[in-house]
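Input: structures, listed below.
Below are two complexes that have chain A in common, paired first with chain B and then with chain C.
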Partner chain A sequence: MAGVSSGSAQYIYACTRLRVRKSLLIPREDYLRMLNMSLPEITRFIGETAYRSEIDELGTSFSGINLVEVALSWNLAKEYQSILELVPGDLKHFTASYLRRWDIQNVVTVLRGKMQKMQPGKIKEVLVPAGRLDRVVLDRLVAEESPERVAEALKGERFYPVIERELPGALETGSFAHLENELYKSYYARLIADAKEGVKGGDIFLKYIQLEIDIRNIQNLFRLRAGHVHEDVRELMIGGGSFTVDELQRLSGLESRDEFIDALKRQVKMVPLLNALEEIRGKTALHGIEVALTRVQLDQMERMSKRYAFSILPILVYLEKKKYEVANLRALARGKEAGLPGERLQGYLVM
Partner chain B sequence: MALRDIKPTRSELINVKRRIKLSERGYNILKMKRDGLILEFFKVLQQAKDSRGALLERYEHAMEMIALAETVEGAIGVKAAAFSAAESPAISLKSKNIMGVVVPEIQASSVRKGVLDRGYGMLGTSAVIDETAEAFEDLLEAIIEAAEIETTMKRLLDEIESTKRRVNALEFKVIPELSEARDFIKMRLDEMEREELFRLKKIKARSA
Partner chain C sequence: MVDVATTLEMVQASQAGMSAVGAGLAVGLTGVGTGLAEMGIGAAAVGATAENRDMFGLALLFTVIPETIVIFGLVVALLLLF
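Here is the complex of A and B:
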């Protein structure tokens, strides 16, 4: 349980170390340079950075684009696990809570794989052990025979009650969508509860989590509009943000896109988000909308972490920035392989 | 039919004449069928061209979207989302008749799904997965449509080919051979009649 900090020394230690690590992340200029490189040049560039050991280790098993992608995922998982070891006391607990989204992703993937009777090797390929459940635990889950046995093996985990409640329905319908949504909703509810429990910087973190929830909800409203979903969307919205679930339901009912953006703008107070919403008005591609909103989220997080230098925020900023570094490098490599032009590729990078 | 096997009798002549008439009627009907099938084929050909164009267009779009999804979500993210596909599209085959040619009628269900019915959660995925899934649903629909049209076209072509062969066989083999047989019988009957007349004259002269 995240309680009150036992002292500021642990915050200073952890925040300083992660600030140093953040300074080692690939800067914007390097991404711009990589936009003009070929795939082998990008692979070599990545091999000369912090990803060298993974590239060397996996070089015999993978090649080309798969080598880059697997090495990036391994590095991300290793880095997150090392941060979990590095951060002391309450911060460890809180960081582990934040990284549980990876556990949710992995557990849902294992459940789906087991439901579809996939080979364990195929399931393992798509797991990224970047959360609290490490590779050993995930291997054990993958080795289980059925989704029910996987759920049994998760007894004692924080999200077990949700799995226990939702699994029978998922097995009956054959769809884990509702289970997945419920897991993410409980994840955010738990983060909010943790932030309110008195961790240093908790109130600031709460604001950040609310922003993340708002942005996720807005992104999903845009997706639902694009999918012409007119039914009750309350089940698909995350509670705890600055919009209530009923307000989000009302927003989803608005017919015109301009009217929808205007209604959102009336309720949003944060200037960067207001600007992003105005910028979105001219965009039609859903992914472009998502990237614009994600950028607002990261900028805001960065700003908060500078204002509250010794809190949980610098750790979370590093975790997010690392995630987007991996996403950017993967996007560059995959985009180059697919022959996407540099200007278009730049639109998908979160820099 | 070899001429030596033909019996030069009046009944055979009547028989051959009946067969010629039948063959000529069959030839005319088959020629009309061939022309009708060709007309039908050109109609289907236009549809096939359109469906092939749409198929290529959708294939390119789907490939672009999968490349984009792998760029944004990575192959791992795309594969994890693909694990969600619980319901496979079902295809049922019926048949319809075009001028005696049985062609398939393909009906597919569960190809196009709503964003909430694809099996993945909204909160753990991004919009690029929606767009990619939609592009592949479009592609699958185009493949099914193209499969129906192209199979129809292939069956029509096969039928045109066999009808053409029958028409040619009637026009250049059966009818000429029957006509030759008819002429041969006629000639033999005339000859036999002349021989008979000559024989009668000879007998008459001897007895006189």
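Here is the complex of A and C:
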């Protein structure tokens, strides 16, 4: 009777709920329809979907693009927090680890805002309290006077040592890029440590983390090529994936683009990624490459979530897809605001 | 000397007892089987209904499908007893 315990029923319950939610996400046809709409039409359209309560609630305080932006952030945060509440035991542990990336995003946003002496209200508008640091904690951070005080208030958090180490340098140079890289690298290292802790289902979580790290590294390599950066990239790569950091450095040193793609293909075993890399050969626009790689990641995660039907993966698939839905809607709204034509915007959407 | 009538009675009684045990096992084990089968379906049904109330009727139907197993057990038990 192995595998039959009350635990499995909870897994089935949580995974089914998230599968239903995934089926309610905005489909491709609706994105295509929205490409031909104006901003007020898009606002009304999303006001009729899952975002209704946020659009109604914020409609009196915001308008235009700000309404869409804030409603999307609020909805994302609310959705993620509700998922954290409904997932059981071990799955909660992994989901919470995954959601810590929003803490990093929020903390870096607050630090940047404080550095540039932004109004607390303005900083608050762009925060997404979807991680462990909730609205109350973030409000307290936003109310602090200087970046140093913000860092001080974070004492005790997992990522505090990294902030303590990197913040003086960041303040001196005025750039938070290095601090941000280090925070994300420590985040991924921590995710791997969490997956290897011996909690049931950790091996499946690890598969997802490695896929995510690989795709992120490949995206970064393409970005660096587009920016003609050929120096030491070891600092910028995330360890723990199926490529070692030294291999990535060697790949980034290759001169011709075709050679680079061939070398990458020799190392990759995943068939969808091989196909995507072959397709990328003909593409030059960086956003097209990034979207193609993200698509591969989402498809591969979906495939894995069918293989491990009642594990952390169906939950992660929903969390990722929701993240991209919000990103797509934001891109659409921003693009329409800037008057970009629909065909151009389509290239930026992950559909 | 063994009384033949008494021995026959004992054999008949033991046969009746055995078929009663068989009937009990048929209902009991199929009941456990049904329970195990319904555990997963029930959890998924509650999950789906929590997200979308329109699923309730269909979810309930799926949940009770494994009841057929215990009905087979009941039929076998009744056949054994009567």
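The criterion applied here is as follows: the second predicted complex is superposed on the first by the 341 of 351 C-alpha atoms of A that agree within 3 Å, B and C clash if a C-alpha of one lies under 4 Å from a C-alpha of the other, contacts with A are read in each partner's own complex, and residues count from 1 in each chain.
The definition used in the following text is that contacts are C-beta pairs under 8 Å (C-beta built on N, C-alpha and C of every residue); 3 or more make two chains touch, one makes a residue touch a chain.
This is a predicted model, so every value here is computed, not measured.
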Would you sort A:Ala331 into first (chain B), second (chain C), both or neither based on which partner it touches? first
According to the stated criteria, A:Gln105 is in contact with first (chain B), second (chain C), both, or neither; which is it? first
With both structures superposed, pick whichever of chain B and chain C touches the larger number of chain A residues. B
Considering only touches as defined above, state whether A:Gln10 meets chain B (first), chain C (second), both or neither. second
Quick check for you: in the superposed arrangement, does A:Val126 touch first (chain B), second (chain C), both or neither? first
Which chain A residues lie in the overlap of the chain B contact set and the chain C contact set? none
Show which residues of chain C lie in contact with chain A when the two form their complex. 36, 39-40, 42-44, 46-48, 50-52, 55
Residues of chain B touching chain A in the complex: 64, 67-68, 70-72, 74-76, 79-80, 83-84, 86-87, 114-124, 126-128, 130-131
Any idea which chain A residues touch chain B in the complex? 66, 69, 72-73, 104-105, 108-109, 112-113, 115-116, 118, 125-126, 128, 174-181, 183-185, 216, 219-220, 222-224, 226-229, 231, 236, 238, 286-287, 289-290, 327, 330-331, 334-335, 337-340, 345, 348
Can you name the residues of chain A that touch chain C in the complex? 4, 8-10, 12-17, 20-21, 24
